[in-house]
Structures are given as structure tokens and as C-alpha cells.
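Structures given as C-alpha cells follow.
You will see chain A twice below: alongside chain B first, and alongside chain C after that.
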Partner chain A sequence: MVSTSILAVSSHLSPGIVATAVGVPLQSGTTIVQLLVFALLLGGIYGLVALGLTMIFGVMDVINFAHGALMVLAMYIVWSLSSASGLTPLVFIPIAVVALFGVGILIHHFTIAPIMEAPQENQLIVTFGVMLILISSIEIAFSPNPRSYNIDLGSVGAAGVFIPEGQLYALVISITAVIGMWLFLQRTQLGRAIRGTADNRSGAKFVGINIKRIDYLTFGLGAALAGLAGAAIPLIQRFDPYIGDVYLINAFVIVVLGGLGSFPGALLGGMIIGFVQVFGQFYLPGSVYQVMIFMIFILVLLLRPEGLLGGKRT
Partner chain B sequence: MSSETGSSLSTVWHRYKQFRNESYATPLLLGIIFGILIVLPALLEVSIAGYSLGTRVSLGMLIVTLVWAYTAQSWNIMSGFTGQFSFGHAAFFGLGAYGTILLVSNYSINPWIGMLVGAVLAALYGLLIGVLCFRYDLRGHYFALATLAFAELLRFIINNIGALGGASGFIKPLPREYADGPGLLAFQFSTDLPYYYVILAFLLIVTTVAFVIRNSRFGLYLFAIREDENAAAAVGIPTFKYKLSAVAISAFFTAWAGAFWAMYFDTIRPDTVFDLLINVEILLPAIVGGLGTVIGPILGSFIVTPLSEIARQSLDLPGTDRIVYGLLLVLIVLYSPKGVVSWPKRLADLLGWQDSPTDEDAVDETHN
Partner chain C sequence: MNDTILETSELKKSFGALVANDGISLSVEAGEVHAIIGPNGSGKSTFFNTITGFYKPDSGSVRFDGEEITGWRSDRIARRGLGRTFQIASPFEDLTVRENLLGVYTEGLGSGIRISKEKRKRADEILELLEIPHIADHEASDISGGQQQLLELGRILMLEPECILLDEPTAGVNPALQNRILKHLRTINEQGTTFVLIEHDMSVISNIADRVTVFDQGQIVTQGSFEEVTADHRVREAYLGQSDDPNAGVADVLSDVEEQSSSVADTSDPVDVPTGGGATAVQQNIKTPKSEGRLVGTDIVTGYGNHKVIKGISVESRDGITCIFGPNGSGKSTLLKSLAGVVPAWSGTLTYNGQDITANGPHENVRLGVAMLPQDGGIFGNLSVRENLLLGGFTVDDPDVMKERMETALDAFPALRDKMADDGKSLSGGQQMMLSFARAMMTGADVYLLDEPSAGLAPSLVDDAFEMATRLVDHGAQVILIEQNVREALRIADYVYILAQGELQFEGDPTTLTDEDDLVELYLGI
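For the complex of A and B:
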């Protein structure tokens, strides 16, 4: 971007955006470059969602079905606070992230921690139960009607490529979060402990890592990442209580694609799926891109079941 | 030792325990359950002191309850018996529904034939999933995720193919368009009562199949795979072959429920028959009732479905039924992972009726 100028866009937030997928508002100046920008953006958000999911998986060996519901919870927290106070939703995003960290700890304490040693399916069923309770409660409290943040955003443009401001904010948020998370995991003692536990649970225990505490932290961080991604999504599209579903399903594909438990894999997988979706939505009819996403998933299962960047398999 | 307060209830429990260890116990209990189910619609009409069951429970609710009991029983053969946890049985359910409705709408082919075609398709799809997943030794939640992806794949494929009805799906044709009129042959009836007995017959068939499998050498192999697949393979059980058989049988029968669904309700759409929630509705009764048991899925469905229906009707809020599902999932897995069928034993333990809590001779309900 050389010079940016704010352009007033006639309608914002929902031009041609469907409630179930990240829509691409197509304007006259749309080019490959524009699609690339959108793909990068969506890939970043997918990466965030998948990072939380794959972290919980890698460290705790738990598949968290409530991940999408946690995203939705964050959207409604930001939306409620912003509507009640009249302030811009951007201020409340950090609050939602912190709140979700707390919610994650609570969910882990009451539903996952007691059955950490039980068969894998039990944890999957429990998190699915949590998802149903969360989503339906949100639906009852806020009605199933689609909503959007009360925020007026223009768009930023350069050289014929237009980026709605909401998308730019979302991109900045997701890139910052991914880098922050990356630094935390790579450079801090705690991050190292988390990676160590993901790598070898009993080994981590032997070298004195309190893996029970790491579990709490991991689930809290996973929920917080879901919350951040969730809070950022309404910047680019309208939302309803069910929007978490499609992100969750694609996040599963991404974590398998990248390698279950692999942090760089989640980011790479997020980018791949982001590109497939944005270009697929533009060039293919209907939701054929979604068929392609599942085809990729099955191909990976067939050819490289440990994922693109996954090394170990259990 | 029976306690001094050895009440008559304690004696009843010991009698029951003895009975439960007899080989004829499960068939007899099943016989009683099916006996009750046969007369249940008539009982709805009976009014005792001005109160009749029919005011709370409708025939339609019972039909839906039996559908989920049926699917849970089918799911159980693969996931409860063999331990291959499927989170994508909506694929088989949907294939049954689409096989039936496509053939009857487009070619006026009798829905019963359509049902069998759908069931064979589902079994083949199950084999495809099985071959791909088992070949790469996907287990536990890797496998669960893969099955979910295969179900979602079908949903999006059908959503995008106009010839298969696309996103708007199909409206059930009138019976006169492909048969002489409503009746058993047309798989369409003018009242709910015949539907009830059709799905009850389905349930009887799949329950018999499940019972026979449980008590056969084949069933023993499946349970061996569930308990320890490596050990089972080590003693020479061809685990790959047996896992595939379990998937195919389970898929074949699950498709029948889809066919029934398509002929009972007026419309089907990819987003209803392949829905994420269908996967849960299929497996929930088996989990609540007791994983791997023959009686469990039936008991479970009679707890789950009426409870959620009544909650939804009395609170009059959409989504209440899903909160009930969610609570049941969480509570059962946390506090009673062996399901409702284990409750008599747990009650006996609680009240000190057992000779000792770890009594090896005690009935293990999960093996019935």
C-alpha cells in the first residue's frame, strides 16, 4: 500500500454477505489482488480459530466442539456491551477475550478436568453438549435474527484495490494475535511448558511441569483465541447464533490439514482454506468451494494423514 | 452379606440380579418392552380420573422417539459394539432419505425399493469411509472427525447439485402419483398410527439383528476390537474386515430411518437430513441408555426425546430441546458414562444391597 485514502462506500457491513460464510463484497475494482487480500484476511481468521483448537488438541488430546460456540459468545458479548454503552465495539474486543479466557477455565474445570482420563469420545461428547447449551442459550437470549456491530466503517483503497476498513481491522487483529501467540509459545517459559506438554505429556510431568495447570491455561487460551477470532468476525460480516458451525467445521479441516496439534500447521492450513474459500466463492457457483474444502480434507487423510506439518501420530 | 435392615427391596434386588444373569433375561425384557410398545398407542386414549396420557404425549412424538431409538440401535452396532465412534451417521440417514425420495419423485419407483437402494448406497459409503479411515489406522477422535467430514461433504454436494434438488430439497409426492393410493405398499398413510407400527417393526428388526450379533462369535470379535484392537489383532482376529462389516451393517440399517423420515414428513432438504444435529440425535439415545447394550438405545430414546419435546412445548422457546440434549450429554458422560441401564446396579450399590461393591458376580448391565 503506497497511499491510502478513505473512500466512502455506499453500503457497508452487509453488501452481498451471507450469514453463513465470510462474504466478499464485490466492487467494480475487484481484481486478483483484491481476492488475495481477502484470502489473506480470511486465512488469518481461520488460522486464529484453528490455533486455539489445535492447541487444546495438541496439549490435552481433546477435540473441543464448543470452539465455534465460544466464538459466537464473544460476538454477543462485544455486541451487547457496545449497544448498551454506545461506544465503538473495538474497545470491547479485549474485554471479550479476557471474559472468554475465564469461560474457558470454567468449562475446563466443570466438564473436561473430571474426565481427562476417560475415553477420547467422552470429551468430544461433553464439549458438544456444552456447545448445544451455549448456542441455544444465546439463541433464546438474543433471538436468532442476524445482527451486526453498530459501527460505521469506510474502506481503504490503493491502486484500484479496496479494502473495507472492517476487514483491515480484522486483518491487523488476527496478524497481531498470531504473532503474539507465536512469541508467547516460542519465547516464554510458560509457552515452552505448553509446547513441552503437547510434545510429550508424561515427559513434561517428569521434568516438573504441572500439567494439570497447563491444561487449565491451555483451555483458557484456546477459548480466548476463539473469542478474539469471534469478536473480529462481525467486523466483516453479519452474525447470528449459528455462525460458529461453519467456522468450526472448517477449523477441524484446517487442524487435520496442518497436522493435529501442530501450531505452524494451523496457520498454514488456515491460509490454504482461506484461499480456497475466497477464490472458490468468486469463481465457482454456490457453495462448491465447501465441497472442495472437504475434498482436500479427504485427500490429506488419504495421502498424508499426519497432516502437512504434523510429525508425530498417536 | 445382606445388611440387617435387609428389607424386602434388597431381596427383590437379589432376585433381579439372579434373573439378569440368566441367558433368557434380555430377550424376556425386550419382549416386555415391545409388548408395551405395541399397546402404547391405545394407552394414549385411556383416561384415568380425567387424566389421559394423550394430553401430554402425542402419537407423533412417539413415532419420532422410535425413529431415534431405531437409529441409536443401528449406530450402536458400529460404535457401541465395535468402539468405532461415528460422528457422521447423518450421512447414512441422509442417503436413505435421498435414495427413497429421488427414485419415487423422479422415476415413480416404489419407496420400499428406494429404501433398499438408499440402504445399499449407505453401506457402500460406509465401506468407503471405513476403507479410507481404517487403512490409515485412524482411531478415536481422528476417526470421529473424519466421519463428520464425510457427512458434511454429502450435505454440501447435494446442496450444489440442482438435479438432486439443491438446497430446497424435495417435496414428498402424493401416493396416487406412484401407487394405487395410501397404504403399506405406497409407504404413505393417511393417519399416524400405521407409521407408528412401521417404525416399531423396523425397531424390532434392528434390535433382533443387534441381539443376534451380540450373542454371536462375530459379536465377540467386535467387542474384542472395542476393548483392545491390538490385542484382538494379535490373537488373529482380522480386525480390518470386522470393523468394515460393522460399519456396513450399521450404515445399511441407519438408512432405513432416513427413508422412513422422507416418507413420514412432507419435505426433506440437505440441511435437515444431513444436519450436524442429526449426528447427535442418532447417537444420544445410545449414550444415555447405555453404550453397547441392546436395551439401552430404546430406553435412552424414551428418556431423551419426550423430555426434550415436553421441555420445548412447556417453555415454548425454540432451542429448549437442544439445551436438554446438551445437559443430558454433559451430565450422563460426567456422572453415568455407562448409561441408564447401569442405574439399578448403582442404586443397589448406593443403598448397600450389594454383597460388596466390587462383587465380581454382580450383574454388569453393560453386558446385556
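For the complex of A and C:
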């Protein structure tokens, strides 16, 4: 059955999430729907990771190299709580998100806040250091061996179309989070304040926004988004302490593709890369999909250097 | 003394649509100290940059010492004998003062390998000349701003230039050190070095310059001795702003004010608000007890890094519009930012309705009722007009209050109603200014600090900017306004402060400023 084959493949390591399906040009309805679901959920996960990254950059002008490590931290939090308690990892995902929000606040407080006024490269190097510390600690605590969530998931089927349950959960989680985050940023005064600070940091002061507090909130939220995406990834593949690298690199591509500091750009870019990767892996031989991703990237940079939805920041 | 050492002819340089230098022909005689003055954005620094090869001129030519140097690389020009300093001294911070001098690339590639005895001797001479041998072995980052300016000069002297272009050599330097810098400049000048300097401080100009050239909007307005130039009405216009009638003095402007401000007074409450201007207003002012200042700054001292910009100034907001005037670099913006809490005061106190707010940040002051409009308006370009206004009410928790304020703001600026869904950046300059005013009204403040709202606007919109300020007053606010265009702003001013060199030169009723010569003297800080 194709559904199981994709699940099997996808439980491989990244980035070949649905690779090797080439040569099986089985294009049943199930395949197409599965590809769509997979593209949507991967796009959603990419979007969340990139949104956190671009928020932190937009508001604080900080490039957060620890972003991938934060994802990994969330995976191990969920995995250890679930292993220790014997409960399904799904219940621990919200806990990991809240924990990552706290971790983000702490990281900002102890590493970035004290040097916010220093030149940009200082913060970049500090986040790089935080990444090394986090990854090495996880490596020491949990060993570099690949793990997977202790959860036995079947498939959900209707009208002859079968979707692996893990993918379905990941899809629901990532799409809900994208929509929730979108509503928060667009509809609430606090969300607007974050967007306003990203848009015009000095202008924000003059309407009574405490930008230092917005920095804390943004870094916390960015870390929480990374955590949510991270905690959802083991539902579709195995993980190890280094899995964050691939996602971080993709997130950088997405952030630039969508427009540096552009929140809708991050979500759109995430979807584009998610779709290109999933459909490219299925229909194109080998790693050609990666060539595609970077071709799109270069094309966008040539035609619209500010990114798809990027505008001049005021 | 009569040889021309530096000569530009029809030098042009533009950046996109902005013509920064519009055909400048200037000749500098060997041995003179030639000052270039002019308001902000008149093209002075661009002129320096174009002469010294940092910019490539669009057309025109530069001759130095009998040789055409147009289009030369800047390092070649420097070695040819035409040196320059920058407004912001930028020494090699990790090197000592002496190393900074020795680091100058005097003799081509060879000087990069071995430092000659002559060069060491030259460095010692310069340290002596500038009286800074005691700091020779200090790292450049540890010395004061004024000493850095001296070092900047010293580095250029290493090249033994025949002519030096100085970009505001005394900006941000304390008076004692300023006098020393001037003394050194004079000594070096007597030894035969020609100076061209950009300077805002008129006392420096009158002290040192043989000849003065005035720039305005990329062109030369006039040239002559300091006295000739400051008496020229075109120069006053460049500094004090255009008036409708170029021959009109302040007295004429003030008689105009009478009609205009009385109409303002009609719309506001004439009993509570002694709106200024005109003879009748003066009589009123004498009888009316001094209005209660909501925002009061006392003995404010502040600056940036180790540059003291504001040297102990007391100002307060009053009913109506309080204007702060002063030439570029006099510290107007810094003072305003300090009142808003953006630039913390080094000493002195700030109170709002009697409450001490000296340590507050801008966001806390907005919450209390003090809102500032930054010079660029500070709007959120990627957010819609509605969102800009909603964020203006960031400190408002009650949705009813928010709704009410939104209506008030839109009533005051009805043109925004059609633009609610548009992005801030898609608005025209005038609309952006409106949005900035309306957004500030959303804060519900009763003291507004306006930093040159007319800056960067088309001349036709300048009046609109002032009119918007009066609308804030109509809503019961006290307004402090910084303005370059003194003549225009005097029409709406109820009280005036004049700053020069970070110190208060004048405060009082604008009607007492009837003699334009006095105004020019105060304004230019002579």
C-alpha cells in the first residue's frame, strides 16, 4: 500500500522525507491526497519555523542561529516526558511549547538583552554559541542516536483515501498554529505592537510601546513557534540532535524568499518550499527537488531582491 | 595670497531626483581660511565628498594646485596634498594616538613595511603642535571627543597637505577645547596651510574665517566677509526660511500674525488660551497670569556618548504653541528628545504636572500624556492607516475610549477616512504627516512635542503642518514645536525659545522679537 510506503519512507531521516518514491508512478487518488497533506503540513511546519525566525529578525534585528536547536529541544522534552510517563506524546506538545516560550525568554534575558545595543554581529555570534551549548547538552543527555516518539499510529481513511495518522495530527497542529498566529498578529493589539515594532522600532516608542518588553515577547514567541514545529516533526519522522540544521537552513531560505522581516512572507515561503519539496521528491529523480528550491530562490532574488512579500521597512 | 589653490567649476552632483550640488563654482585662495555655511541639506558635505573623490561628480571639474583632479581616487587626492577631516572623528580605535599618526600611508607601499625616522619625527612634531603628547600612548577609543577631533586633524597633517577641508571640526567639542582647536588651526594656517571648513557655529566662523561662502539648496547664495554675509537678506532667508515677501522683516511678519492668530484664538478658548502675536495679544499677555506649564524641564544637561549637546537648559510647555528655534546643531532635536524621554537627561529634572518623570522612557511618558512626533513622523509603513491609529491608542485599554478617540482624530483629519485600509507607506508625504498627527492624538496626550513636522515636505504643505499643530491646541493640548522655518513658525508661536550651541539664548514672547537683526544675532549665536 502506498500509504504505508510513504509512512515508512517518511520515518527515514530528513531531508529525504518522501524520497525514493520515484519509479512508482502510482498516481491514485490516495497518492495525490497524501502528497497534498504532506506538502501542507511540511509547508506549515516550515512556515512556523520561518515565522519565528523572521519575527525575531524583524523586531530585534537579531539572526537567531539557535532556532533549529530550540526545535530539537522541544522534541526531546516531549520524548522524555512521554517516555517517563508512558502517556501519548501528543499531550506533551503544548507543555513543550510553553516550556520553549520560557526558554526563549531566559535566553533573551541572559544572552541577547544585555548586548542589544552592540553591533549586530555580536548577537549573531551569541545565538551561535547558544546553539552549540543546546545541541551539545542534548547530545550528552540523550546520545546522538536517532529516536522516535513512542506512539503507534495507524492510518485514517475515507472513500479509499488513506492518510497516516501522524501526518494528520502534524497537519492539524501546524495549520492551526499558523492560523492562530496569524489572527494574533493581525487582530490583537499586542500582535499589532509586534508588527509595528518590526516595522518602525523607534516609531513604536512614540505610541507608548515598551519595545524592550516586545523584544522579550518576540523572542519567547519565536522560540515557542520553533518548539511547536519541532515537537510536531517526530510525528512524521525520526529525529536526532542534529535534525534542526536542515530545518534552520530551509528556514533561512524561506525567510529571504518571503522577504526579510515579512510575516506573511514567511508563511507563504514555507508553503512554497513545502510543496516544491514534497512534489519534487515524488516526481523528480534524486535530489533534483533541492535544485528546484534553490532555482526558485535565485530567481526570486534576481527578480524581486526584497523577497516575495518583502517591502522596504520604515 | 592671491593664487587660487582650489577651484571648482559648475560642479554638479545629484542623488536620484535630489540635486545636492547644482553647479557650484568656488575658488579658494592659497593661505586663506574659507568657511562654507548653509542650512541642513544645502549640499556642504556633498561638496566636500565630491571634491575629495568620495563621490564622482555628474559634471563640472575640480582643479587643485594647477592640476585637474576631477574623478581621481580619494587616496590619490589626499596624497596630492588635499586632505580632509570628517564630521565624526573616526580614529583607529584600538591603536594608540601615536600609532594612529604613524598609520597614515605617507610614502606609498614602502610606508606599509618600515616606518622611517622622518615619519616618527613628523608624528612627534604634530603631537607637540597639537599639544597632545601626554596622550600619545593612549588608545584612541579612550580619549575625549575633542581630542579625537585633534587626532583627526593630526592624521591629515601627517600627509603635509597644502589644503585641508574640515567638516565641522568643533562639533560637540567643549568650549575650552574648541578654543584650542581654533588656536591650532590658526597656527597651522599661518604656516601656510589653506583651510576650507564647514561650520555651524557662527562664533567659530567669525573668529577664524577670512571669507565665507553661503550654500542653500545646492547653490552658492553669496560670498564675502562674515559681516557682509550675515547682513545679506538672502542668507537670512536661507536660515530663517522664506517669507512671502522677501523684503519683509520680522516686524511685517508679526503684523500678519495678528490677523491669523486672532482667528486661532477664536476657535480656542480665548480666556484660558492667551494666543500670542500682535499688539493686542501683548497687552493680554501682560494681564494674563503665566499659564501653567504641564511639562517642565529644569537645567537639562544631555548628549550622546561623551558629546555634551545640551548644556543646562530650562524649558516648559505652555498653553498654545511654544516654539524652539536655533541653527543646525544647536541641540533643538536633542532637547526635544530629552523632554520625551528618548534621550535620557544626564542631569536636571523633568516633571509632568508636578510628577518627576526624569527617569521615564518614552513609552511611560506617552502613558502619562506626553507624546512626541519624531521628525520623520514615525508611522508604520507596512501597517494600514487603521492599524497605525489603533497602535496610536496602544496605551488605551477601554474599547469605548478607543472608539471615541478614533472619531476625534478622524474628525480632526478627515482626509484619512478614505485611506483607512491603505498601507502607511502608500500615503503621500502630506498624508503621512496627517497620519502622524492623528496617531499622536490617539495617545490622548495633552502635551505634544513636534520635531520639525514641516521638514521634508513640499513648501505648499508647510502651512498645513503648522495648521495641524494649531488643531492640537484647539483640542486643549500644549504644543512644543521645533522648526527651521523661523519666519513661518513665528506666525503661530505663542512663546519662543532660541537655542545656540546647546544653550538658551532667548526666551519670551515672540512680539518682543521685532527687530530682525536681534533675531539673527540670537539665532546665529553671535
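Note that in this section the second predicted complex is superposed on the first by the 278 of 314 C-alpha atoms of A that agree within 3 Å, B and C clash if a C-alpha of one lies under 4 Å from a C-alpha of the other, contacts with A are read in each partner's own complex, and residues count from 1 in each chain.
Heads up, the rule we're going with is that a contact is a pair of C-beta atoms (placed from the backbone, for glycine too) under 8 Å apart; a residue touches a chain by one contact, two chains touch by 3 or more.
Bear in mind the structure is a predicted one, so any value in this text is a computation, not a measurement.
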Which of chain B and chain C A:299 touches, first, second, both or neither | neither
Which holds for A:193: it touches chain B only (first), chain C only (second), both, or neither?
-> second
Comparing the two partners chain B and chain C, which touches a greater set of residues in chain A | B
After superposition on the shared chain, which partner residues are touched by A:144: those of chain B (first), chain C (second), both, or neither?
-> first
Could you tell me if A:63 is touching chain B, chain C, both of them or neither one (first, second, both, neither)?
-> first
Check the residue A:106 against both partner chains and state whether it touches chain B (first), chain C (second), both, or neither.
-> neither
Does the superposition put A:209 against chain B (first), chain C (second), both, or neither?
-> second
Overlapping contact positions on chain A, where the chain C interface meets the chain B interface = none
Chain A residues touching chain B - in the complex, by the definition given at the top | 63, 111, 114-115, 118-122, 124-126, 128-133, 135-137, 139-140, 144, 245, 249, 252-253, 256, 260, 285-288, 290-291, 294-295, 297-298, 301-302, 305
Seen from chain B, its contact residues with chain A in the complex are 85, 87, 132-133, 136, 138, 140-142, 144-146, 148-150, 152-153, 156-157, 159-160, 276, 280, 287, 317-320, 322-323, 325-330, 333-334, 337
So, in the complex, the side of chain A touching chain C is made of residues 189, 192-193, 195-196, 199-200, 202-211, 311-314
Can you check the complex and tell me which residues of chain C touch chain A?
-> 340, 342, 361-364, 366-367, 371-374, 377-383, 387, 390-395, 424-425, 439-440, 442-443
